[in-house]
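In what follows, chain A forms one complex with chain B and a second complex with chain C.
Moving on to the complex of A and B:
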């Protein structure tokens, strides 16, 4: 199965920059999730690889083969849209055999492919059903079988789990990934759901405004975000803006009203204006003991295993924290709590040029 | 490799696809658009002829202004009546559920199966005071004014277009807005008037354009009606005036002048209507809670429904088919000349068949290009241009096309046939393109795109995926084109008055006062069209059930 490379892709739709110097390298057999907010250019990246959209500039390779001039039907890169696009006038079996039919395979070969596919996606009992008669999960499996039967080497998944209900969505995550991995397909999975990406991907590529801002394993992207945007988009973060006043085993940052916090050492000098980001799950709150500063509890939301607590911190802004559920009832709106985190859980970023609000904007 | 694979391979090549698309666009511009409006160039090339032969001839000018005035007044009145009566009918068809709805639905389209020449005769013997030579005494003999008669006649064939356009849009309007309005305390009438009606504009514009243009264009039926209505000498609409001048040699400048006026006025007026309807806040914003509440319940809505159904039956359906009573009650004075009639029928079928095939072969690709090219400049321009031949009255289109292809005025049989084909092509092509464009726009491109990534070449993706989804619209377009061609009189007369099509044959029989033969010929045409309509309904219904 091919390795896919996008080099310096530019694609504009009028004033909209859907791909702005887009570079991406997907390894042979890798399951890569392209994660980004709505309108970031995720679907465009997918369409560029499938050949349905032609780039204005830049090059696309499958292995060493340049693909820019290759028509979609010759790429063996199958797109699976949100709604699966099962052909409504064809049965499950006819849908699966769409690819083989086009290539005019012998009846015997078709029969064989069909049986293998029905077996693989557990649809043995429903080959004559029409797509509208199937459940969401079955539709998705049919679409997968159709893709595989056509000899796909690359799987392009456009929010493939979005149309399913919550429970099914979670169970299908593993099924989808396992199938792609077991067949060794090179897979690009587009999603705006960070949890889905974290669970499913070999690597995650975070895309924003048409360019990739970070590529890495789920743990890398989660723990070592490349920018405040990534820190907030992949697992919500709290932010603290201030100047670096000390650099030892930890970096100490102080804001204009005199609060100071600790963070992991990073590439910054004393006196730099910086942003400190810490995941809400790593933000600790307590009524007693030490803290970097104090905040007032605004509301407490019960989320099952965790409690989500929103806090108001004077002069700094809104903070959130996740704490275990057993503390339910011990924190009430109006309570004043100390807020702190361990220095190695917090990261320092240089102050973004356009300011923090602009940086965090999810367009 | 089989020849089919080779052919698939060939048409899938990029060069071939580009070349074919280029050919289709050039065909569209050169054979449809330019000939349709070519007559406008006459103003620049032959202004002195117009000056000398038309503008300086007060008698001709009076006749022209009177005829144009009649045409536009009739078209406007007809459109307004169609709207007022058609709206409640569209409502019944879309929103109500009752037994016999399917039947009512079929009845709406019935007048479309009657060729307009037959409608003209049917309407005049139902409503009008006929000339003494017509051997018939079972009509109402109510109408002696040619103006009123033509209005009544034009309602017959334009009413179905209005109802269809309005109900198509109404079916797409989400009813939840209206429901929301009612839960917020609006009475039914208030909710409909202030919430649903403003969403109607698109359908209204289509309906107005179709009705208005059809009324302006109609020639055969109007001529037949005027020829058989007592005391209508000297009354003309623009198309019948063109028909009159067509029979006088050397009247090129007058014909050109009338055509130019028709084209320019029609285009200006319809663009203005489109703009006004879109910009204006159509229904009045003010609300009268109490009277509207009273009108929403009990007697008033029932009266509205009964009136609109009564209108359909007594003003549209019965007059359309009254011609059958003529054949039953009167007998022939001369023997029916079947061989000439059948020849003319064969002629009409040949023309309709050819144009349908060309419309399919070139109209469908153009429609695909327009529908899938939203947001790009060329497809958008083509999309607007496609409407031009729909708006231009067909007589004017015929005159224009004749001047473009046949400036010398040759009249051999072969040339006439080719000209008739070209003219019919020009006014049926947009019907096909419009139908298919609409259908393609409603299907999600994701199906074809997925098919492409699954390994289908563009032609295979069309054939196996898109075509099954839009085939009923393609068929509807084909049958519409076929039946419109079969019934067309105006364009044929304008381009080749000696062409022997069935409607012209009927018009000539009326001229010769052979009313019985004319009626029989009309009924044969009605039966043929009806068979087509039934086939169409059956096929489209099957599709709908399958999906």
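Moving on to the complex of A and C:
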């Protein structure tokens, strides 16, 4: 299956820069999630690869072959949208055999392809069902079977789980990934759901305003975000703004009211104005012991595995923390707690040019 | 004050029974979420409360008054739709003052009301904009402000966050609860998202196939679900099939298919009964002894790794290890898994089979 490369792609729709020097490299057989907020250019990237949209500038390769001039139907790339686009008046079997490459096959070969596909997507018992008689998960598998029956090598998934219930979405994640991986397809999966990307991707590419801002494994993107935006978009973060006052085994940052915190060493100098980001799940709170500063518990929400605690920190603002739910009842609104984190869980960034609020916008 | 009471509500659409003799009381000031998969009847129920649908049978009481024949605009409630329903040619401010205006409130009062609620949803600086100039989360906040501006004490939220991006949804759900609680409203919120339900609710009502499965606080449903469907729907869980081998106060033994055993604290069934043990991934841990299992794969969840293993009993078991300890394990490795006996919940083995009993669609 082909490796896919996008080089310096520019695509404008009027004033909107849907692709703004977009570079992306998807390996042969890789499952890559393109993650970003609404309007970041995710769907445009998919359509550029499928050939449905032509770039204003830049080049697209499948393997070593330039694709800019290749028609969509000759790319062996298939796009699966949020709504699956099955023909409502055709059965599962008829939908699967609808693809252009299949019509010319002999009856025997058609039968064989159909059986292989039904087996693969676990629909052997339902070839005669109509789409409306199927569950959401089955409809999705039918659409996938149709795509694969037409010999696709590249799978382009546009928020494939969005139309499903939240709980079902979680249980279908592994199924969809395993299917794509077992067939060795090169897959680009577009999503706005960071947890979905973490769970499904070999690598995640974070996109914003038409450009890729970070590519890495789920662990790299979560633990080593490239910007405050990524830190907050992939798992919520707390932020601390101040000046670097010391650099030793950890970086010490102090704010205008005299609080100071520790973070991992980073590329900044003493005196620099910086932003420290730490994930809410790595923000520790306790009534006793030491802390960088104190906050007042505003509320405690039970979320199952974790408690979500909102804190009000004087002069700094609102912080959140996720702690194991066995601590329920040990923290009450109004309690004053110490807030801290281990230095290696916090990352330092230069102060964004347009300010932190603008940097963190998720829409 | 608005207590909402549903008495024996049934709703039929042709052959489909969307609500089947539902009884439910929502207390004044309570934030209740109706949670269930697509097609369970949750939207029908909230529409019946609103008066958009007239039930086939049964009664709706709001604040003790029977609502039969009372149209939506006279039920004194605010309603927020999934698909943001703002007037596109009105500014945000005019959208919010619409309710007070049709109620013939004075100009000053209209302005003050809009001001108050737009401030609450943090949209004061955008009140002169048109809906199309706002992003999705802001549009939904404006819809909320408009629903609140009716000054109704009952707020109905029909999948209010479903149309938004995942990240925006998370921020907004905390806001939603904060606002409802600050204003002391009674809220009924419909959703299929169990995480959202847990974050916003005082109480969750789990629905399936037109009926109520059970209701309880988020903590009750997560830690002590009464029904096997709830155990799987509200949070993820491991379901292990077996029989009660020994029953004793505070320490019962369940035998699994390969004759391995697990100990649970609470078991309400007799020796020999077929049961299913539900235990959440965070309450399973590697130990020197326990269920012999083979690790299949790992998933990075940010602050922890979720590990999927197959036990010798052929049950799939998921468990969590801290992010820093991920390196200690690898696929193919054989380990022993122990179950926190206090966290295990025992259900009777469903006649229709586990898969059918917990089916999500």
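One rule holds for everything that comes next: the second predicted complex is superposed on the first by the 359 of 363 C-alpha atoms of A that agree within 3 Å, B and C clash if a C-alpha of one lies under 4 Å from a C-alpha of the other, contacts with A are read in each partner's own complex, and residues count from 1 in each chain.
Following the convention adopted for this analysis, contacts are C-beta pairs under 8 Å (C-beta built on N, C-alpha and C of every residue); 3 or more make two chains touch, one makes a residue touch a chain.
Predicted model, so just to flag it, every value in this text is computed and none were measured.
Visitor: Output check: A:199 vs chain B and chain C. Expected answer is one of first, second, both, neither. What do you get?
Guide: After superposing on A, A:199 lies in contact with chain C but is clear of chain B.
Visitor: Classify the contacts of A:304 with the two partner chains as first (chain B alone), second (chain C alone), both, or neither.
Guide: In the superposed model, A:304 contacts chain C only, not chain B.
Visitor: For the overlaid complexes, name the partner, chain B or chain C, with more touching residues on chain A.
Guide: When the residues of chain A touched by each partner are counted, C comes out ahead.
Visitor: Between chain B (first) and chain C (second), which does A:141 come into contact with in this model arrangement: first, second, both, or neither?
Guide: neither
Visitor: Examine A:98 and indicate which partner it touches, taking first as chain B and second as chain C; both and neither are also allowed.
Guide: In the superposed model, A:98 contacts chain B only, not chain C.
Visitor: Which partner does A:42 reach: the first (chain B), the second (chain C), both, or neither?
Guide: Neither: A:42 stays clear of chain B and chain C.
Visitor: Indicate the residue numbers of chain A shared between its chain B interface and its chain C interface, in ascending order.
Guide: Common to the two interfaces on chain A: nothing.
Visitor: Along chain A, where are the residues that touch chain C in the complex?
Guide: Per the touch definition, chain A meets chain C at residues 37-38, 135-137, 165-168, 170-171, 192-196, 198-199, 217-219, 222-223, 233-236, 279, 281-282, 299, 301-305, 308, 310, 322, 324-325, 328, 362-363.
Visitor: Inside the complex, what are the residues of chain C that reach chain A?
Guide: 37-38, 135-138, 165-168, 170-171, 174, 177-178, 191-196, 198-199, 217-219, 222, 233-236, 280-282, 299-303, 323, 360-361
Visitor: State the interface residues of chain A toward chain B in the complex, per the touch definition above.
Guide: 50-52, 71-81, 83, 85, 87-89, 98-99, 101-104, 146-147, 150-152, 156
Visitor: Could you pull out which chain B residues touch chain A in their complex?
Guide: It comes out as residues 5, 14, 444, 446-447, 449-457, 460, 464-465, 468-469, 546-547.
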